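Got some structures for you, see below.
The two complexes that follow have subunit A in common; it is paired with subunit B in the first and with subunit C in the second.
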Partner chain A sequence: MNGILYGNKLKTAGLIVGILIALIIMVLSVVLGYTNTSLKQAIEAYTAFNGSNEHLIIQLSRVPRSLVGMAVGISLGIAGVLMQALTRNPIASPDIFGVNAGAGFFIVFGVTFLGVSSIQQFMWIGFLGAAVAAGLAYALGSAGQGGLTPVKLTLAGAVMAALFASLTQGMLVTNEKALDEVLFWLAGSVEGRKLSMLVAVLPALVIAWVISLLLSRQLNAFALGEDVAISLGQKTVVFKLAAALMVIILAGGSVAIAGPISFIGIVVPHFARYLVGNDHRWIVPYSAIIGGIMLVVADIGARYIIMPEEAPVGVVTALIGTPFFIYIVRKGIFQK
Partner chain B sequence: MRKYWVLQRKSFSFLIDKKTTVSIIALTLAAIAAMLISIGVGDMYIAPWDVFNALIGTGLDINQLIITEFRLPRVLVAFIAGASLALSGAILQGIIRNPLASPDMIGITGGAGFAAVAFLTMFSDDSNNLLLSINYLPLFAFGGATIVAFLIYALAWKDGVTPIRLILIGIGLMALLQALTTLMMLMGPIYRASQATIWLTGTVYGTSWNEVKALLPWFIGLIPILVLLVRRLNIQGFGDDLTKGAGISVHRERFLLLMVCTALAGSAVAFAGAMGFVGLIGPHIARRISGSSFGGLFPASALIGGIMVVLADLAGRTLFSPLEVPAGVFTAAIGAPYFIYLLFKNQ
Partner chain C sequence: MAVITTSNLTLAYGKEPIIDELNLQIPKGKITVLIGSNGCGKSTLLRSMARLLNPKGGHVLLNGKDVAKRSTKQVAKELAILPQGPIAPEGLTVLQLVKQGRFPYQSWLQQWSREDEEAVMNALDATNLLPFMETPVDSLSGGQRQRAWIAMTLAQGTETILLDEPTTYLDMTHQIEILDLLFELNEKEKRTIVMVLHDLNLACRYAHHIVAIQDKTVYAQGAPEEIMNEQLVEDVFQMASSVIPDPVFGTPMCIPYGKGRVVRHVNTPQYA
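What follows is the complex of A and B.
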């Protein structure tokens, strides 16, 4: 399958355009919202800070959330590509497979019972939860006759998601204070995140981005089927473990900062494939950029849906993502 | 000795599996025992014998009051809700031909949950008063479940509905509904949010005879339909082609079954909240006891689902007394690990 961007020059140009769009969107995300600000004020907030309301909002709220949105979007986009390639399942993504729910459950557990509060701890617990959920879903999906099939894996993931969601709910019922604190986070949101939270998680995410880009050549070989990949000299076990580890870092880290945000991971790789075809060396960077753009745009939308209040960005991504998800399913990738 | 009793008349014949019959009788006794214990145990302990006396109207006045006014309706609603959820799960697993399906996963319960939370938040004013009577809540929940079921069916339709499309669309809608439910909870006051969370977890707290009266007709009315559909559901297990070969209109049948499944789940959720995992593991436990033929599976699932919720409610009332924990916490906390154990064991 070829994408609509044909040839390497066009693809490179597309990538540059994508980065430019991402930058423009981030600037818009800084300027737009309930409190009207202008581009001039945004620049002045850093060059000539005067302590005004607008400057404070820009420095403490808008800029951090725009950066967080971009970082989380990039991570979820890449995590989606890796999972879809690993499982050869077009609707694989951290949320459908329960990885987000797992990370969410572990973090809520930490908040309610262990008194965890720092973002650093959130991150490690998030990684742990993501790993546990991914491992369980994978084991469940490959149990029984016929081994691992896309459909079984999807169902197993949905069961894990339901499991962790109901356990989280159970904990929140007994603790009303935690409910108040955690509810907004559970819906997935990049609002009110401090820059220091991003800085805490960013190193891990950046390393995972780079490694994922390096893995993209291997993804191409793996996509031909495991037998072919082995005969091409790929150490498939090592490769699979490395890719799974990246998924866990990307998804767990994202959940730690922003809460479980759904549908970015499913939808983005499809857009990327539509643009550049089946070559993962291009799909991975494109998914990263598109994921970032999508999440920041969704976050801008979230400010306007129920003005003057703010909707969590996870709700907006679900609204955009569900119709697309249904379209993918109806297109009939699963024949049986 | 033969495995079956044969019941044959001019116009019909039945094969009755002996082992299944025995296990269903045993399960019925267990269900009655669970209910009697649950009626007796609580803030005020009443011995089983006194419970029995009170039930037939010869007990002490105080026992009579506690039992008939408070505990009996609660236990009955718990049992019927559990039975309905497990039945609806058994039907769904039959339609989808996959043991991982359940009404909580494909959005039917989610639709009810969303409607209920929307009701709680949209019809409450600034001082936390509900503008409509709380009695309308079940109606909303049931409506939500039905609308979602139709949506799933319509969206999965493309020259007929395949089981796999049905469940994938359901999973997608479930994710959307979860997001919308959270949105609703955020829009309303926090007091409503915590009320909604309890409801979403599933509880039979404070049920009276009104709930029993509203719930029972659904349950009793749907059973004859199930009895008629059982045989043909068995054939569906062999795949669409064979079912068609046996002269059954697959799509009409599937639609009918989905509607029965929705009505059962919707009515249960409407009165007892979104009790998790009963629909998923009720049928699993039943399958181990009575085999996978639906004739035995349905009654066994219903009984086990009922027992599960009755015991979960008992645990919720007594373990952390005086704090009341919603029964749904226990069905999920016990159901989920058990489910994982089952799957690994069947490997």
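What follows is the complex of A and C.
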């Protein structure tokens, strides 16, 4: 499969178009919503700020959520590619394998019992939770006869996802104050995030984006199976650790800002492969951009489906993702 | 001269060793075939020679140097292994697969070179896969698919190629096709081939050197004509048989005893 974008020129052009679409979507995300604003107002909010309601909404709400949505979408898209390549499993993603749920649980635990409130603390606790969940899923998936197999890892990941989700719920049921604070966050949302929150996490995310791009050639070799990768001279232990660390940073950081948002990580890499084929040097950047676009679009949708209220964006991504998930399963990938 | 040497090599997955204190030399420029019953450790031995498995004790030397202590990328330029039943990612094309063979020659600074391109084209040519360059590996027939993987190891440009049961699951025609390909690579390019085969008759036909593994060590090794006999088959495979010269090729041929129809009895020729 070469993907529908054949040849490097077409793929480069596609990438540029993708970036343009992402920029347009971000502008739309700033302009559209319950309080209708125009592009002119959006620009004036920064060039000629007059303290009006619209200008305040644009500066304090719309622009931050647009940027947060893009950053989180990029991160989840890349995390999905890394996990699918790492586990050689087409349904691997931070949400399916419990990495998001682990980060979510640790953060709720921090809020409930440790009085954690700053985004910096959220981030580090999110990293820790993501690492613990990923480590547990890996250990559980490797236990028993035959070592680590894709099916066992998937089951172990699903168990982790369920475990951490129910632990989180149990904690919230017994603690109503915490419930109010974290419920909307927990459903996955980019609304009400301050720019300073993004600024706190962004450096870690950007470093992980760059390293993931640099790892893309290694992903191609690893995709042939671990034995072949070793034969080709890959240091597979170093590679796996590096890739897993990137997943933890990307997923943990995303959860810290936006809560556990599902389905972006699983759907986006498949869409990218459909466009550009099997070469991870293209799949990684395409997944980044598609992930960003998809999350920002979902966030715009979240403003409209139950107007004047807002739905959590995680609900919208699930609405988009579920039919796609069924499509992947029906395609029979699991028969292999 | 030996290309691979094992010294006091001990291999194990758990506590119980599979290969115990083995000293073995693989001759350079020859086709060597490892034979033995299921689970005797021949695949394990092959994997350890290619650093896919770390020894519990002893060393594997490649061209005189300890494999475990060398840069894995450097080893990848001298030795390639094709594991048993490799699976290509869905939709990966033959060309994409074979290009991966150039992995050890690339880095972030050194991108695709003219030399890489030549190596890939030569590998596709040698395996008769040029017409299938853009075909997904998973839609090829079994024989073609195995050729595609062999092409990848060829593109790796190594002097030594290890193959773990390269003919398993192939029909007779394609088994011969793969073995002929390996035979030619050895004849024309003097590449050292080491492989695990289950078919004793084909092993005897294509190998210069046979290594029979039994009871965690080497039972016998040497040219097929010299070592293959009924006693070996009995000891290594726990099976009664007649070993006679192949009436067409003259290489040893093993006829297993068992049930089944008997049409006529003949006087079988014997090795002296």
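The rule we apply is simple: the second predicted complex is superposed on the first by the 335 of 336 C-alpha atoms of A that agree within 3 Å, B and C clash if a C-alpha of one lies under 4 Å from a C-alpha of the other, contacts with A are read in each partner's own complex, and residues count from 1 in each chain.
The criterion applied here is as follows: contacts are C-beta pairs under 8 Å (C-beta built on N, C-alpha and C of every residue); 3 or more make two chains touch, one makes a residue touch a chain.
Bear in mind that the values here come from a model prediction, so they are computed numbers and not experimental data.
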- Message: For the combined arrangement obtained by superposing on subunit A, do subunit B and subunit C clash, or do they fit?
- Response: fit
- How many degrees apart are subunit B and subunit C as seen from subunit A, counting from C-alpha centres and rounding to the nearest 10? 90
- Item | Partner chain in contact with A:M197 - subunit B first, subunit C second, else both or neither | neither
- Message: Applying the document's definition of touch, where does A:S262 land relative to subunit B and subunit C: first, second, both, or neither?
- Response: first
- Answer with first, second, both or neither: which of subunit B and subunit C does A:V108 touch in the superposed model? neither
- Message: Touch test for A:A251: subunit B only (first), subunit C only (second), both, or neither?
- Response: neither
- Note on the structure: Per residue count on subunit A, the busier partner among subunit B and subunit C is B
- First (subunit B), second (subunit C), both or neither: which does A:L186 touch? first
- Item | Contacts of A:N220 with subunit B and subunit C, given as first, second, both or neither | second
- Query: Touching A:I283 in the superposition: subunit B (first), subunit C (second), both, neither?
  - Reply: neither
- Query: Who does A:K235 touch here: subunit B (first), subunit C (second), both, or neither?
  - Reply: second
- After the two structures are laid over each other on chain A, how near do the C-alpha atoms of subunit B and subunit C get, in Å? 13
- Once the two structures are superposed, pull the subunit A residues common to the subunit B and subunit C interfaces. 336
- Footprint of subunit A on subunit C - complex, ascending: 47, 50-52, 72-77, 80-83, 86-93, 96-97, 100-101, 103-104, 106, 108, 134, 136, 152-153, 156
- subunit A - residues contacting subunit B, complex: 91, 95-96, 136, 139-140, 143-144, 151-152, 154-156, 158-159, 162-163, 165-167, 169-170, 172-174, 176, 179-180, 183-184, 186-188, 262-263, 306, 309, 311-312, 314-315, 317-319, 321-322, 325-326, 329-330, 332, 334, 336
- Query: Which residues, counting only subunit B, touch subunit A once they are in their complex?
  - Reply: 98, 100-101, 104-105, 155-156, 158, 162, 164-165, 167-169, 171-176, 178-180, 182-183, 185-187, 190, 193-194, 197-198, 200-201, 276-277, 280, 323, 325-326, 328-329, 332-333, 336, 339-340, 343-344, 346-347
- Message: Give the list of subunit A residues in touch with subunit C in this complex.
- Response: 1-2, 88, 90, 214, 217, 220-221, 223-225, 227-228, 230-235, 273, 277-279, 333, 336
